[in-house]
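Can you read through this structure? Questions will come right after.
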Amino acid sequence: MRRTRTFGFHLLAGGLSVLWLLPIALVLTTSVRTFSDIASNGLGALPASFSLDGFGQAWGEGGGGHAMLNSLLVTIPTVLLALLLSSAAAFALSRYRIPLRRTIILVMLAGNLLPPQILLVPVAKLAELLGIYDTLTALIVVQVGFGLGFYTFVLQGFMRSIPDEIQQAALIDGAGVAQIFWRIILPMTRPALAALGALAFTWTFNDLLWSITVLRTGTVMPVTPALLGLQGQYVSNWNVIAAGSVIAAVPTVAVFLRFQKHFISGLAIGAIK
Amino acid sequence: MAVLTAKRPDTAFLAAKRRRRRISPVLLAFVLVPLVVEGFWVFWPALQGFYLALTNWDGVSAPTFVGLGNFAEMFSDDIFKTAAFDTVIWLVLFGGLSAVGGLALATLLQKERRGVGFYRAALFTPVVFSLVATSLIWQVIYQPDGVFNKVLGAIGLGSWQHAWLADPKTALYAVLVPALWRQLGYVMVLYLAGLKGIDPALYEAAKLDGATAWQQFRNVTWPQLRSVNSVVLSVIIIDSLRSFDVIWSMTKGGPYHSSEVLSTYMYATAFQSLRLGYASALAVVIFVLAFGVIVTYLVRAFREDS
Amino acid sequence: MTSAGLSRRRFLRNASLAGLGAVGSSGFLAACATSANSGPVKQAAGAVTVQSNLSSPEAKKAIEALAQAFGAKGGATATVNTVASETFRTQLPSYLTAATPPDTYTWYPGSLLSGYARKGLLLDVGDVWQTMGDYSAAFRALSGDGAGHQVFVPTSYYWWGFFYRKSNFAKWGVQPPTNWSEFLALCETLKGKGIAPIGLGAGGNTPWTASAWFDYLNIRINGAPFHRELLAGKQRFDDPRVKKIFDPWRQALPYFDPNGTAIAFQDATTVLLQGRTGMVLTGTFFADAAPKDALDDLDFFQFPILDPAVPVAEEGPTDGFFASARTPHVAEVKEWFKYVATAEAQELYIKNSSGTVLPTNPKAKDNGTPLVQKGRKLLTDAKEITQFFNRDSSDALQPTADAALIRFIQKPNELDSILSDWQTAAQKVWQS
């Protein structure tokens, strides 16, 4: 009985995974074809060539190591800063009876309800005003500002369900607010922080809209908008673009794989039987 | 609920301590610093955006004030009506299916066992992959002689073949598939984190009582997920109403507006027609819609919790 | 508590390691990092920034070669900054209204330019034109801002036509047509052989290719002046003269590739080369989508003449450069313009790019292939040159054309409502 259930599970989960990865596999096969092959036979045809030139071209023309560095220089500080600020706000708003706390949460979330496309022009002008237009700092600050409402909202949802006794015990022990935050509540929110961290990394890394808005020069472009630049005015080298997408996906998939362990630690007693 | 009972002070000492330390300055900073950052980069531009909704602006010259003229125009705008209707369809289908699907996937993959890490990563990969490449591949899949039609023909459903993205009747629904493909992994991750927070002892107790898997879900999982649910469902609503990237990159709202939703119409108005005033008005409509839906749901959820 | 503490420590360790890693690697590539982090990217004195939307690899190579050659002459230098063309288009208003705008930009003349010129954002380059020799009057008019000043320097242009594969035509035993009835007869023959005679790539992200049909039918039947007036908002889309041009289109519709509105133009090129369609109305840029060995096999014929009384007009979109009026490097910018207008610069560009464009300088040589010679002759023989729908009207009007024309191709019987809807949508654009 156990064996059939395990087999059934792997069949279902495996089947779903294969289905899910099929389009990705198509991207991979496109990335190792030559341009002539694609131009002669179309994108949907079975590959008639094999070449790793696409990767070399994507790396070189897409900004290479420089663009990847830009991406990391933006993404890592953004994720750390955004999660720090939003977990602090979520902690205060969910564990303490601050007046108007629910209104504040809603207001912060409301900031994410406005379509970002309409804020592009005011934000660009604001960045110019502060003299940080066309710098990575602007991108970091803008991404942090835009993520705060959402991350706070998500984290407070998770933090509300932490039992109060632990906090009360710490209070009796004489812990201050900051200590309760750092030593008790934050570790208990680890699954949510890890999940949100992986997602935040992905979104910030793959962001196009803000990069295009606050950055203008090729040397400061992160990887994702640099890849967009691989598309020509009329004609695009799809193999190069596919290869570039594969390169750009590597850091985000790696982060997810690394972080997903944290979804499981903590209350694991009895889960493995 | 545990939180409910614990919030009432059970000793006079703790009550006094909490009353004395009404709001510590550290707490104030915890709230105010993020609020100020968000206020500067989001609320201030948003206010400017709201103001723009009352103007005509082409992005270059000075805006001209027109009061509620843009909103009046919306009432007689057929494309707006189409877009609004499509947005509702999208909200129900995309939102509903990603909630159900994400929870199902998370439930399936929550236990730690051999291979589950790979399965989770597989489902999350589309979330991570660049939209440029994946929309290209999906367009190829949907082409009249592409993979999807070939499979339909092979299993004998040849009469179902369509030019999925070019046929106005099927365009919106066709885009739903890659949108869900990109969204489910993400919802699954949120639900996974929520499911991890449920005490396994509750499942043990239920199993001892002889509960089936479905009863366990209904009586243990679902109630325990309540606060996570309010978050996840809000996220799904926000994402559905702001769904832009996938639809735009696959059809640009076409063919001739048959897959137009409010966000694509707003983008087209802002950056193709260069009518930033009208586009801002559309953005205000999207905002009001999203806010209205979320607030009614959340106020109810908050009230239940305390 | 201890297990949670250990895991938390590990988590924090990972996070701080990641942070250290970022800091460490930024130390290694100090040059990039410091220039990226220490304020906006500054340009060297005496350097001209060229903001370019020529993002295809060959065009990008060509313009960078141009910038290098310019710098090698001594004097001012030029740095090219390339962004994706769609990004460029949506950000152009931002670039022009920024406090420190880029100096020069690749772009197109005509109404796309005059909008910005009317708002005083473009540099007057009349003195550069005086050194440019005998460019044709058409180019001079095109580069004006409508008030007598020149604000644009054209450097290349290309043509549109019905492109086909010589070997395929030979295989099917057919000849290029010279008038409309021959064209329809050719379509009938090809259809009989099981080939979709007329290819189209108006699906995916390229619905604008359908506008070529509208443009050509309009300039063949109503003439270029009417066409320009229509696109400028001085005529109506539900005018009976506009409705008339859809009659020949309806005659040709049965011969269109049934998948024409479902595939992007790059795929339509592949389908043409594979011999599944007979010919495609397209511009020479499509040659970039063809594998190199197919280029010699390509030929084209002119869009058939429908009314011999109408002066022959052709679509000859022109590319070139303009400059921001607020640039601090006026002298260097004018040096750049003088350079790109010379024959040697244009020949250098053609040599480095795909080779199917024509130079605007009358003394410059094109790349000499029979195809290009034929194209050049086509354009020099034409009495009027139009630029293409969006370049003659505006980027804002293009989506209205896409919606209307795709709908016509799929539902030709709804023409009346299509045209009245088009007029409504167009009016909104012109009034804003």
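To keep things simple, chains are lettered A, B and C as they appear, and every chain counts its residues starting from 1.
Throughout what follows, contacts are C-beta pairs under 8 Å (C-beta built on N, C-alpha and C of every residue); 3 or more make two chains touch, one makes a residue touch a chain.
What you see is a predicted model; the values in this text were computed from it and never measured.
> Graph shape for the chains shown, where an edge means the two chains touch. Line, ring, star, complete, or other?
complete
> More contacting C-beta pairs: A-B or A-C?
Counting C-beta pairs in contact, A-B comes out ahead.
> Nearest whole angstrom, what separates the Cα centre of chain A from the Cα centre of chain C?
Comparing mean C-alpha positions, chain C is 35 Å from chain A.
> Could you tell me the distance, in whole angstrom, between the mean C-alpha positions of chain A and chain B?
Whole-Å distance between the two chain centres: 15.
> Could you list which residues of chain C touch at least two other chains?
Chain C, residues with two or more chain partners: 90, 94, 267.
> Could you list which residues of chain B touch at least two other chains?
Touching at least two other chains: 59, 143, 145, 271.
> Indicate the residues of chain A shared as contacts by at least two other chains.
Expected reply: 43, 121, 194, 228, 231, 238, 266.
> How about chain B: which of its residues touch chain A in the complex?
2-3, 6-7, 14, 17-18, 23-24, 26-27, 29-31, 33-35, 37-38, 40-46, 48-49, 52, 59, 105, 108-109, 111-113, 115-134, 136-138, 140-141, 143, 145-147, 178, 181, 185-186, 189-190, 192-194, 196-197, 199-201, 204, 227-228, 230-231, 234-235, 238, 241-242, 244, 263, 266-267, 270-271, 276, 279-280, 283, 286-287, 290-291, 294-295, 298-299, 302, 305
> State the interface residues of chain C toward chain A in the complex, per the touch definition above.
Within the complex, chain C touches chain A at residues 3-5, 7-8, 11, 14-15, 18-19, 22, 25-26, 29, 32-33, 35-37, 39-41, 51, 53-57, 59-60, 81-87, 90-91, 94-95, 98-99, 102, 265-267, 269-271, 273-274, 283, 285-286, 288-294.
> For chain A, which residues count as touching chain B in their complex?
Per the touch definition, chain A meets chain B at residues 6, 9-10, 12-14, 16-18, 20-21, 23-24, 26-27, 30, 43-44, 85-86, 88-89, 91-93, 96-98, 102, 104, 106, 108-115, 117-119, 121-123, 126, 141-142, 144-146, 148-150, 152-154, 157-158, 160-161, 163-165, 168, 171-172, 176-178, 181, 191-192, 194-195, 198-199, 202, 206, 208, 224, 227-228, 231, 238, 241-242, 244-246, 248-249, 252-253, 256-257, 260, 263-264, 266-272.
> Can you name the residues of chain C that touch chain B in the complex?
Listed in rising order, the residues of chain C that touch chain B are 90, 93-94, 96-97, 115-116, 119, 121, 203-205, 207, 258-259, 261-264, 267, 394-396, 398-399, 402-404, 406-407, 410, 421, 425, 428-429, 432.
> List the residues on chain A that touch chain C in their complex, please.
Residues 35-36, 38-43, 57, 61, 65-66, 69-70, 72-73, 76-77, 80, 121, 124, 128, 131-137, 186-188, 190, 193-194, 212-213, 216-220, 225, 228-238, 240, 258, 262, 265-266.
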